[in-house]
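Alright, structures below, take your time with them.
Shared between the two complexes below is chain A, which has chain B as its partner in the first and chain C in the second.
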Partner chain A sequence: MPDQNAIMAATKSFILSEFLEGEDPDELTEDVELISSGILDSLATLKLVTHLENTYDIKIEAHEADEDNLNTLVDIAKLVASKL
Partner chain B sequence: MDFSWTKQQTELRDAIRAFARGSLNEGLVERDREGIFNRAGWDACAKMGIHGLCVPEEYGGLGFDALTTVGALEALGEGSRDNGLSFSINAHMWTAEMPLLAFGTPEQKAKYLPRLVSGEWIGGNAMSEPGSGSDAYSLRTTAIRQGDHYVLNGSKTFISNGNVADLLLVFATVDPAKGARGVSAFLVEKGTSGLQVGKKLDKMGMRTSPMAELFFDDLRVPVENRLGKEGAGKNLFTDSMTWERGCILAPAVGAMQRLLDACLAYSRQRKQFGESIGNFQLVASKLVDMKLRVETARSLLYQAAWKKDQGKSIFLEAALAKLWISESWVACAQEAIQIHGGYGYMTEYEIERELRDATGSKLYSGTSEIQRTIIAPLLSV
Partner chain C sequence: MKQGATKDMATSKLSKARAAAARPEVPVSAAERWLGLGLVAVQLALVVAAAVRYRFESPVFQQALPWLAAAAIVHHLLPARHRLAFFAAISLATIFYFFGISPTGFDFASALERGGEVVAIGLALIALCHLPIPFRPRIAVLLGVGAGLMALRGGALFGESLATIWPVLGALFMFRLVIYAHDVEHEKGKPDFVRAIAYFFMLPNVFFPLFPVVDWKAFGRNYYNDDAMRIYQRGLHWMARGVLQIVFYRIVYYHFYVDASLVEDGSSLLRYLLANFALYLRVSGQFHMIVGLLLLFGFNLPETNHHYFLAESFTDYWRRVNIYWKDFMVKIFYTPVAFSLRTKGDILPGVVGSAVAFFATWVLHAYQSYWLRGAMSFSLQDTLFWTILGVLVMINTVWEARRGRKRSLSARFDPKEAFFAALRTMGVFAVMGVLWSLWSAKSFEQWLSIWRFADADFFGRAAVALVCVGVVKIVVERLTTFEGGLLFGATPKGARWPQLLRSAVLTVLLPMSILWVLGHPGVHRRVDEKTRFILRSLKSNQPNTADLRAIERGYYENLFDASKSNFLDSGIQAPPDWVDFPEIEFLDTTGDMRYWALRPNQSATINGYRVSTNAFGMRDRAYAAQKPENTHRIAMLGSSHVMGWGVHDGEPFEALVEEGMADQRSDGESLEILNFGVGGYSPVCQLGVLREVALDLAPDAIYYIAHEVDGSLAIERLARLVQHKIPLEDEFLRDIVARAGLSASMSQSAMLRELPPFAEELVRKSYAKIAELARERGAVPVWIYMPRVPERQPDAEQIGKLRRAAEDAGFIVFDLTGIYGDTDVEDLVMSQWDLHPNAEGHAIMARALMDVMRSDERLGFGGPTSGPGETGAPGAGPSR
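Now for the complex of A and B:
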C-alpha cells in the first residue's frame, strides 16, 4: 500500500505533466495551493479526481472533492491514504 | 460483460412502460398547445414509485441503483409521449433529490426527501440568471449572512418547475469577490417571504413542463437551510450536474425507441408508387440511422449509470451521454418527420412535437458546446 509520501510524489508528477507542463518541478512544493490559487480549475479538478479514483481504486465522494481536501499535495495524499 | 436485465428489472420496466402508455398520453395535444402541466400524471408517477427510484427506502424511495433507475426512466419515456412531464420529474430527481442526498444534513434529508419522493412536493433547481447561463458561476444573486439567516437578493431565469415548485435549490454567492468559491446553495420553500415567482415562460417545446423566472427581494433563508458548507455550491452543482448529464436523458432514449417503432410501422403501412415506403432504400437508410442512434445513445446511458454504480466518478461518461443522446434525439425526431412526410408536420400526428421537445435537450444541463468543452480536456487533448 503506498504511503502518503509515495501518493504525494505520484500526484505531483501527474499534476506537472497534465497541468504544469514545462514548469520547474521544484516550485510545486507540498504546500502549494492548487485550487485556491487557480492552478487547478474546475475541469482540472474533475480530471484529478478521476485520476486518483482510477489509480488507487477509491471513491471520492462529491462532498469531498473540494478545496478542503484537494488544495495541496499534502491534503490530497491525506484524503487518498484515508481511503486505502 | 452481461447486457441483460434481471427478471425484477424487466418487470419494473414493463410495468412502468405499460402504466405510462395507458395513463399519461390522453389529452396531450391540448396540454402541449396550452402549456399545461399534468399534476394528476405527476401524482400517478409518484405513486408508481418513479420519483423515488434511486432514493433509499428510509426516505420512502425504492432504493434502486443508477442502472435500474435509468432503465425504468427509459421505459417511462417509451410509454409516455409527454416528454415535458418526464422532464419535470427528472429535474426534480436529479437536481433536487440527489443534491439533498449527497449534501443534506440528516435533518434536511428527513424533512424534505419523503415529501419529494411521495410527489407531494415538487422540487426545482435555480442556477441560471439573465446574465449567467453557461458561465454559471458568474451568477449575481447574493446571500448575505445576518445572524441565523442569509438574506438573498437577485433573480433567476429558465427555472424548470419554478412556478409549481414547493422546494427550490437556489444558488447564490456569499462573496462575489471569491468567484466560484463564494457560491453556496440554499433550500428555499415556496411561500417564503421575499420569494416572488415571475410569469410562466412560454417555450418552443417541453411545453407541459412548467418554467418560470424567480425574484429574490430580501429573501430570508434560515442558516439550517444552507445545503452543504458555505462556498460548497460549486462542488454541489458539479455533482448534481454530473447526475443530471448522465441520467436526465434516460426518457429521451425511450422516446427515440418509440419514434423508431412508429417510423417502422408507418414505413410498412404507407404505400407510394405501389409499394411500402420502407422498400425505398432512401427511407430504409433513415431507419437504419435511427436504429444506430438509439442503440449508441442507450449504450452511453447505461455505461454512465453502470460506472456510477461501481462507485466511480462519471464526469466524462456523463458528458458523453448528454451530448450524444441529445443530438441523437433531435436527429431522430427530424428523420421521423421526414419519414411521415406532410403528416409528420401536422400537430395531430404527434411527431412534430417530438422535435420541439428534443431541441431543448441540446441546451439544458449544459449546451452541446459546453459538453464538448468538458470532454476535450478530459481526453487530455
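Now for the complex of A and C:
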C-alpha cells in the first residue's frame, strides 16, 4: 500500500503531465493551492478523481471532490490514504 | 509497525508543512500587533467615512456601517474562543435593528416582532436540517416546508402580517439552506450551532437582498486560516474596491448610460451596449463590500468577482463574474451530474453538467426573484441569455476537454501570449456586451429594434472600444505579473509588513482619501458648475433621468393597479408594508374627469405621516363653503406634490405659504389657499376639479402647479378615463380620442402607444381650458412650474413648451427651476423608494413660491410688477 509521500509524488506527476505541461516541477510544491488558484477547474478535478479512482482502486464521492479534500497535494494524499 | 511509523512521520511532516504555510505571523511583537491593529482601524475609519459620504447603497446600511466597523475591532480584541459567538450575536442584532428602522424613528415593537419571526423561522429551518432521519426523507421534509413558506410568501396565509419578513428570510435562507443541508450530511462530529447561526444570519446580509452565495464549508474552513492582519488588510482592500466600483458605476449610470428608447445612431447604440455591460459594477461593488466586511471578522473568504471584463473565454467569464454562484452551481448541480457520468468519456460529463448548471441558474434566478419581489420572472430575454451563455460555455468546455487549457504555476508575462489573450478577451467582451444588452432590454422587440442603428460608424467605434479593452488586458496582465501584483496592492499569502503597508497605502489610504476629499462640500464650492454637478452625482443614490421617467411611468401606471413600486432592478425596494398612494383607504373613484378624489373628513397615519381631509375632501384645514368677507381665496391645483404625499398635515408647501403670506396681502385681506392637490392628477383631471369643486368655492385666483411630466401624465389619465367610459366634457378631448382611434375596449398600454403624438396638444388645450374656466368666474389664472426634487437636469425644452402653452393660455407664469440649489437630493426626498419631497423639500418649495408671490404685484401681495412674459422667483435659479 503506498504511503502519502508516494501518493503525493504520483499525483504530482499526473497533474504536471495532464494540466501543467512545461511547468517547472519544483514549483508544484505540496502546499500549492490547486482548486482555489484555478489550476484544477471542475473538468480537471473530474479527470483527477477518475485517475485516482482507477490508480488506487478507490471510490471518491461527489461531495468529496472539493477544496477540502483536493486543494493541495497534501490534501489529495490524505484523502487517498484514508480510503486505502 | 514500520509502515505505521512511516505514515506517522509523513503525517507529522505534512502537518508541519501545512501549518507553516498557513499561519506565518506578520507582526511579531505585541507592539507590532497593536500597531497593525491601529493601521487597520485608521483604514477602516477612512473606508467607512468614504462609504457614508458616497452613500453606499441603502441609508440603513450607511447608518449601520460605523457600528459594524466598531464591532469588527471589538471582535478582534476578544479572546479567539469568543469571537464566533460574538459575530453570531452581532449578526442577530442586525436583524432586529433592520426591522426596527422606520421613517419616524426606531420601532422597538416591530424590531422584536418581525426580527423575532425571522429568527424563529430561521432556527426552525436549521433544526430541520438536523432531523434524526435519513438524508432523503430529511430533504423531502425541507422541500415540503420550503414549498409551504413559498406559498405563504405568495400571500396564501398571513399575507399582511408576515409580508415584511419574506424578502429578508428569502435573502438569508433561499440558497444557503440548500448548501447547508447538502454539506452537514457529510460533516463529521457534532453540529456547530453557533457557526450555523453565524452562517445563516451573517451580517450584513439583511441590508443586501442580493448577497453572494457563501459556501458553508468555505465559511468554516477559512475562518482565521491566515494571519489576522493579512485577512483584515485583504478585507479593507475589497471594501475600498467596493466603494470605488460603486463610484465608477455612478459615472457610467449618470453620465454614459443611454436608455434603449433613446438609441438613435451608431454612437448611442455603442454607448447603450457598453454602459449596460458596465452597470454590473454595482453588483460587484456590493459584493466586495459585503465580503470585505466578513473578512474583518476573520472569515477569509475568496474573491467574489475577478476582472470579469477581461475574461479570455466563456468558461473563464463564468468563473470570474460571480465566483460564489459558480461554486454553488458546481457543488449542487455540476459535480453530482458529471460524477454520475464520469465513466462516459472526457466530454459528455462536462457538457451535461454544464447544461444542468445553466438550466438551474435560469430557474433559480426566477426563484430568487420570487423570494425578493414576490413574483416569478421568466422573460424571453432571461431564457435567451442563459441558453446562449450555457451553449457558449458548453462549446468552450468541449474545446478545453479536447485541446486543454493553458495553466501556469507562476505569474509570468509573455508578450506573445498576452497578445493572443487580448484578442480572445476582445471577442468575449464583444459577445458578452451584446448578450448583456439582450438580458437587460425591456423587451426582445426593443432589443431587436436598436440594431437598425448598427451602421459603419457603430462598427468603427466598436472596433476602437475593443482595441482599448485589449490594451487594458495586456496592461493588467503585465501589472499583475509584476512582483506578484504588488503594484495593485495585493495581499498575498505570506505577505509581511512592507507588503501590508504598501497594500494599505495603495488600495485604501490613497484612493479613499482622494475620494473623501472629492466628496467634500468645500471642494464642490470651489469648482465650476459642471464639475460640481459631476462630483455631486458620484454621491447620489437616486435614479438617473431615464430611470426616473421609467419609475414615474411605473408609478403612475401603478396608481391604477395599486401594485408595489420597485426601484427598477437595483434591489432597493419599498418595505412590504409601505403604502402607495392608490392604496390609501379614503380614495374613491368619482365617475367624472377627476377619476378619483379623497373622501371628506378622514384622518389616518400613512407610512408614518398623519394625513387628514376636510369637509370638501381637501388635504387641508377646514374652510367655509361661503368665502368670508375681505378674504383672498386661492385654489391651488396639482398632484401629489401639492397634496403633500410624504409629509405630515400642516407641512405641505401650500400650508406653509398660506401661513407665511397670511398678513401680506397688499389690500389687507385675509388669505386662504385651498389645497386641491391629489396624487396622480393631470391637467385633464384639473378640468374636473374646477368644475366639480373648486369654482363653486369662489376662488379669486387659480394657482396651477405644473411639473415636467404634465404631458405624459395627461395622456395616461386620458387613456384611463376612456377605458372606464367616463364622459369627457370637453370637445377637444373627444376629438383627440377620436383621432387617436381610442376605444374602451383597448388596453391601457395599447392606448398609450397611440397617444404620445397628441401629448403636446392635450396639454395646450387643457391649459387653455383651465385658464378659460378661471376667467369665466373672475379668478386670476397663475401657472407655476415647480421642479420635482430629483430633477437635477431639467428638460429645458420640455419645460419651455409647457411654459409657452401656459403663456398662450393667458396664465401669469412663473418658473421655479433651480430652487433646490446645492442641497443633496437624498436630503429632500422621503426615501430611496419614494422620491416625493420630505418636509425640508416642502419648506424650500414654500420659500420659493412666497418669493415669487411677493415679487409680482398682479398677485396682490405688494411686490413690484414684472415686465411682460416675465417670471421667476428671486434666487430661484439661473434658468428662469
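Descriptive notes on the structure:
As a convention for this text, the second predicted complex is superposed on the first by the 84 of 84 C-alpha atoms of A that agree within 3 Å, B and C clash if a C-alpha of one lies under 4 Å from a C-alpha of the other, contacts with A are read in each partner's own complex, and residues count from 1 in each chain.
What we mean here is this: contacts are C-beta pairs under 8 Å (C-beta built on N, C-alpha and C of every residue); 3 or more make two chains touch, one makes a residue touch a chain.
Since this is a predicted model, take the numbers as computed values, not measurements.
Of the two partner chains placed by the overlay, chain B and chain C both lie in contact with A:46. Contact with chain C, but none with chain B, is seen for A:78 once the two complexes are overlaid on the shared chain.
When chain B and chain C are set side by side, the one touching more residues of chain A is C.
By the document's definition of touching, both partners, chain B and chain C, reach A:63.
Contacts of A:4 after superposition on the shared chain: chain C is touched, whereas chain B is not. Judged by the document's definition of touching, chain A residues 36, 42-43, 46-47, 49-50, 61-63, 65-67 lie at the interface with chain B and also at the interface with chain C.
Across the complex, chain A meets chain B through its residues 18, 36, 42-44, 46-47, 49-50, 53-54, 59-63, 65-67. For chain B in complex with chain A, the touching residues are 102-103, 180-181, 228-229, 231-232, 234-236, 238-239, 311-313, 315-316, 374, 377-378, 380. Against chain A, the residues of chain C that register as touching in their complex are 3, 6-7, 10-11, 14, 17-18, 21, 182-183, 185-186, 217-218, 221, 302, 315, 319, 330-331, 334-336, 338-340, 342-343, 346, 349-350, 353, 397, 400-401, 404-405, 407-410. Taken together, the chain A residues at the contact with chain C in this complex read 1, 3-5, 19-21, 23-24, 27-28, 30-32, 36, 38-39, 41-43, 45-47, 49-50, 61-68, 72, 74, 77-78, 81.
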